[in-house]
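Shared between the two complexes below is chain A, which pairs with chain B and chain C, respectively.
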Partner chain A sequence: MRARALRLGEATLVAAIPIVLALVANGILLAALGRDPFAFYGDMFERGLIEWQGFQESIIRSAPLLLIAAGLIVAFRANLWNLGADGQFLLGAALTAGLAPSLLESLGVWPMLLITMAVAAVAGGAWTLIPAILRGRYGVNEIITTLMMSFIGIGVANVLVKGPFKTDVGGVARTDVVAFDERFPLLFDTRIHLGFVIAVVAILAVHVLMTRTSLGLRLRVLGANPRAALHAGLRPVRLTVLAFAISGALIGLSGSVEILGVQGSFRADFNPAYGLLVIPLVFLARLNAIGSLVLVIAFSVIQIGGESAARQAEVTSDILFVLVGLMLLFMAVIEYLRVRLGLGMRFVPPEVAERLRPPSGEGGAATGEPRPAIGAGEVGSR
Partner chain B sequence: MSDLLSQDFLVALISGGLVAAMPLLFASLGELVSEQAGVLNVGLEGYMLFGAYLAFVVAYNTGSEWLGLLAGIVAGAAASVIMAMLCVRLNLDQIVIGIAIILVAEGATSLLHDARYAESRPSLGSPSELEIPLLKEIPVLGESLFSQHAIVYVGIALAFVIGWMLRRTSAGLSVRAAGERPEALDAAGVSVTATRTWATLCAGALGGLGGAYLTIVGAGSFTPFITQGAGFIAIVIAMLSRGTAPWTIVGAVLFGMSLSIATALQLIGVEIQTDYVQMLPFIAVIVVLVLFARRSYLPSALALPYVRGEK
Partner chain C sequence: MVAAEKNQRQAQPPPLCGLSGITKVFPGVVANDAVDLELRAGEVHALLGENGAGKSTLINVLSGMYRPDAGEIRFDGRPVEIDSPRAAIELGIGTVYQHLTLVPTLSVLENLMLGSHGGTGRLDTAAARARFAELAGLLGVDFGPGARAGALALGQQQQVEIIKALWRQGSRVLILDEPTSMLTPQGYDELRHELEHLTAEGLAVVLITHKLHEAIELGDRVTVLRAGRVVGSLAPGELRGRSEEELSARIVEMMFGEEAPELAGAVEVEVAAAPRQRARRQLGEKALEASELALDGDEEAVLLRAIDLEVRAGEIVGVAGVDGNGQRELAELIAGQRRPRAGRVRLFGEDVTRLGVRERERRGLRYVTDDRLGEGTVAELDVAMNAVLKRIGTAPFWRAGAERRDEIERFAAGLVERFDVRTPSVRSRTATLSGGNVQKLLLARELAGEPRVVVFNKPTHGLDVRTAEFVREQIREAAARGLAALVISTEIEELVDLCDRIVVMSRGEVTGAVENAEGVEERIGALMVARGGNGP
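The block that comes next holds the complex of A and B.
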């Protein structure tokens, strides 16, 4: 119990330090540009967190990001690099926006919501099929194939929106707008929509899946050591396809949530490029779903507040890219120092520290003996 | 359809394709070298962005294209020093650091551009062309192939030089060993860390040069996010070249032409949605992979850190 609490504390600290360091470094950058970093961060937290309007905005922004995070966790835990999130997201979004108007007409609001979400999930999942099979069966690197499928997905989404799904209304090519009262219902008296609930449920479900079910265990074994997975009688190809499918389906669903909750229609060349922003967060949370939930919401606050603070300080909101990138760099370095120097271990009782130490640490891997055997050896040598 | 063979169309297709291909060629050549050494530079896009920005600033302030291109090389190499420090020396995760470099590059270049040039939006003059006498008199090919910026010929020559170095020199052998079997290279007394560091710097320098080409010869100005995924396409080209450098020319020109074919078709009155054309090379590659999926596409130690004495 105590070890668990300590581990949680340590994980929080390890996630918090890079964020703080990144905020400091970013503040120095702001100061160098002649802006007041304290005013910037003050604005950021006020607009993103403290003001009710802004906070709702942050929660709304977090919904698609949470679903993408959920999808990425499933793949990354299985050591599969699904870097094609943008294509899967946009396909889900384009199909939802394109099918929604006619479904509304023929079936009504609820069937439309359910069908479009299902279609988006299936499309996102199906989009990973080729990379999954190539990886599982032939060992073709999935980084390159998911990236390529992502570019194709972006193209297909735009072809759909500029072609069959195009509205008759002139101007920029886009789909017909779904009216506000025909989108996701809002929660209570807020502007937060049902999509947020779906996203939170999804990420909690992924947590349970990865930590409490046999499928989750099998996926983690596959990720940790594919050869061991094979020897243990698992079927790597099938597991690879399954992990990719779940991952793609969740990310496709996030596209649906973005349309049904926020956008209402898909404009040509719409691409918020959420994928690249969520990957760092998922890593910062060390592929833990609950940690990702916290970090994604925190990031949404930073993003919504930051956009407004950037306007106030008259800098481009692209400064947030620097912030997230720095977080990732500092996280990697902190992680390295933690393992290398056993940082934070000094304050922990030795028997707990032994349990906390990562198994692949220096020296530990060389002896490679399981811990109970060491105790047994001592008994034997006496 | 006979228009397809008209001179205007072919010149626009080939010369436009070459212009679009060069950033991809430089970046994928650099990536190829570092992939052969076992380092996957996901952050290639970031090197290109830094290179593009600094090249523009230097070329704009000095008025010299060549100083600008040089600045691009320096900026890209400087960005890759981070990669070399964190991933080659400290063995941190190459994909995580790569993504971090992209994000910082996107944010930082956009921020700097915004702070200094957002209002004036300056642009460079049109790039100088090196016209090769006699050869440029050849119809179609002369106009498109032999009146390009000099750096184009440098790039094509570089592909063959790098190909030769990788295959025929001991430095090239070291690079390939560092990616294929680092422990063997270590046992032979060559430092894996140093080899991989140089290869990473090579990716940075050439990525930066590719970015510099984008601003100086391609667009004539810098705009935020100017690379638009070129870094990722370059990674794909490098992986598909399978360690044979001259193949990057084929890959880059193919991708470059698919970017320029829409413009070329407009010249002869054919309107085609650019989305279709831009998807084509990716679809072609996926089809090839599905049909001819084979093992050992990449060096076996790619993206894996090397720790001495570890199995």
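The block that comes next holds the complex of A and C.
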């Protein structure tokens, strides 16, 4: 029990280091721009966390990010790099926004909510089918194919919004707006909508799936050692398609949640690029769903608070992208140092690290000597 | 090369190279603990020990790959520092590693010239040819410098490796790391002659082996390592004039101390390899049958042509052959991990060619892979999960997809106890287990339930004597219960000890099948290098 607490403590500490370093480096940049970094960060936490309105905003922002994180974890754990989240997200969003008005008219609010979410999930999942089959059957690198499919998905979403889904109202091309009282119901007296509950349930479900079920174990075996998967009689092609489909469906659902909870309509060229924002976060959490839940909410606080602080300090909110980029950079540097010092990877879970490590010169694995441990992690084993 | 006389009656000349007090520590393991070793010109010094005894570490220290944490190396009486492979080469220390390092698409001569560092960068082909001719004459090779390395037989490739190690003028020490692991019996005899020629030229040879009889036959001097320490040595005077049995008994005692008597049986396999024919039993029905199995070759798979094979219930059939002649591909075709180009696999008369791994398993087929870490286990999962790796999702370990941890751990604990897998707990990550214990875990997993046909691929490879005998005993017991066993091995002695019948594979073909009887080794050796009638 103590060992477990210790490991948890260490994991938290190691995850905190790049965040702190990024805040410091970004602070130096702010100072160089003639802004007071302390005031900036003060504003950031004030408006993202402490003020009730800001905190609600942060929670609302975290809903789509959590769903994307859930989707990415399923794929990444199976060692499948689904980098096409933005395309899957926008397709889900465009279909939701486009179908919602007519569904509302014919079926009412609840059927509309359920049907649009289902359509978005199916579309997101279907969008991964080509990369999944190419990877599973022919070994084509999915990093390239998912990115390409993402570009196509973004394009298709915009074609839909500027074409069949376009509203008759003039101005920027967009879909008809879903009225506030026809969107997700709000929780109690807050502005937080049902989408947040859906997102939290989804990421907890992913945690259970990956750690307690036979499907999760199959996916982890596929990710950790595809040859062992073949040897054990698993079906790598089927598993690859399934992992991608779950991943894409959750991300497509995320697009739906963003429309039904926040936007109400899809304006042409809408692209918040949430997918790329979430990737560093799930790595910081070592592809652990619970850790991701915490980090995504923390990140939402930084984003919401940061946007406000940026306005206050009169700097562009692009400074937040710099902050995220710095986090990723410091994460990579720490990972490198840990490998150099023989401490094992920290952000990549051991199962995946096994596959990512460059082959060592020694034939140590073939001898009877115990092999060195990779990471001190416990995540993979149960 | 220094011409020295092999004069052992006179007072001993000082050693050419002396290692004293060499200590090398890796995290958690003392690989070498104050090891002393003397190399003399004109002698073969056999370094004997089980896997993990520290042999490789010691030669890596000598060849400049590792720097020792303590200890001294003297060369020609002077203390030297071998801090890089290049420093070793400059002292005249050449090493032939266990794994081949030749570039298959280049010619022999090109491969040899790759390793030499000409001052100007110009390739001096004429000089290289002359040097090749000189060394080729010494070793008695039967191929030219223009031959493509990849086209040579494994034994010939090894000769190229030896030439490469001696390539620099002034070689003094030759290190051979497990040189016999890829040789046929004929290749082994050739190696023995080569060693005689080389030592006659005054070279000091270090021969690393885990086989007792090789150390005794090939070595002029034997040093036995165990758990990083020198536990005994035999000087030339002690080696000569004694029978092999006497010597092996002494060495076994050095290696295992008081446990020696109980291991006598196991060591016999390594030493005498007397055909211990299994009692004739009534064999059962045709359990496994492969007919005309063929596979297209590619970069990672050996081509197989028309393999025919049959194993009856209760029978142990061996597959002999030099490693890499299609044995693994055959095993994978039988297990269902690969699809054949043509041919059929039948289990108890039923055609299973189109069925996958799981379906074949349900019909009683098991495959104990030789690649224990690469495909047999998932290193980062714990022992319990690896014990049920092939049963993911099945009752009682999973119910409706939900993991039942207690059932899994109880099952794994049972296997661990029955097969004596040394692990702190079933929750330990498999990565922390030694190779022998991983093999026991695999064996336990595959023999659990009701297997009817089991393919064992190199089941004792790399195991210590005790674990190897344990594994063989498990195979014998299973066969006695009516299991059909196909045992793939590169160790002829092992197959002779274990099998009723032995088929021989060479270059993707079955070149013959022999009943296990007196004098079977020679026939197997001949078949191992034979080519089938329908080959190109």
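The definition used in the following text is that the second predicted complex is superposed on the first by the 337 of 382 C-alpha atoms of A that agree within 3 Å, B and C clash if a C-alpha of one lies under 4 Å from a C-alpha of the other, contacts with A are read in each partner's own complex, and residues count from 1 in each chain.
Note that a contact is a pair of C-beta atoms (placed from the backbone, for glycine too) under 8 Å apart; a residue touches a chain by one contact, two chains touch by 3 or more.
In this text the structure is predicted, and so the values were computed from the model without any measurement.
**Student:** Once the structures are superposed on A, label A:A93 by its partner contacts, choosing first (chain B), second (chain C), both or neither.
**Tutor:** Neither: A:A93 stays clear of chain B and chain C.
**Student:** Chain A residues in contact: does chain B have more, or chain C?
**Tutor:** B
**Student:** When the two structures are overlaid on chain A, which partner does A:V301 contact: first (chain B), second (chain C), both, or neither?
**Tutor:** In the superposed model, A:V301 contacts neither chain B nor chain C.
**Student:** If we overlay the two complexes on their shared chain A, which of chain B and chain C does A:A75 touch? Say first, second, both or neither.
**Tutor:** A:A75: touches no partner chain.
**Student:** Taking the superposition as given, does A:R218 touch the first partner, chain B, the second, chain C, both, or neither?
**Tutor:** second
**Student:** Check the residue A:A232 against both partner chains and state whether it touches chain B (first), chain C (second), both, or neither.
**Tutor:** In the superposed model, A:A232 contacts chain C only, not chain B.
**Student:** Is A:L103 in contact with chain B, with chain C, with both, or with neither (first, second, both, neither)?
**Tutor:** So A:L103 meets neither chain B nor chain C here.
**Student:** I'd like to check the shared interface: which positions of chain A are touched by both chain B and chain C across the two complexes?
**Tutor:** 365-366
**Student:** Considering the complex alone, what residue numbers of chain C touch chain A?
**Tutor:** 26-29, 31, 50-52, 56, 98-99, 335-337, 356-358, 361, 367, 369, 371, 373-382, 385, 389-390, 392-393, 398, 401-403, 405, 427, 429, 431-436, 462-464
**Student:** So in the complex, the part of chain A that touches chain C is made up of which residues?
**Tutor:** 212-215, 217-218, 220-221, 224-225, 227-228, 230-235, 342, 350-351, 354, 363, 365-374, 380-382
**Student:** What does chain B use to touch chain A in their complex?
**Tutor:** For chain B paired with chain A, touching residues are 40, 42, 82, 86, 90-93, 95-97, 99-108, 110-111, 114-115, 118, 224, 229, 232-233, 235-236, 239-240, 273, 275-276, 278-279, 282-283, 285-286, 289-290, 293-295, 297-298, 302, 309-310.
**Student:** Per the contact definition, I'd like the list of chain A residues that touch chain B in the complex.
**Tutor:** 29, 33, 81, 130, 134, 137-141, 143-145, 147-149, 151-152, 155-156, 158-159, 162-163, 276-277, 279-280, 283, 315-316, 318-326, 328-329, 331-333, 335-336, 365-366
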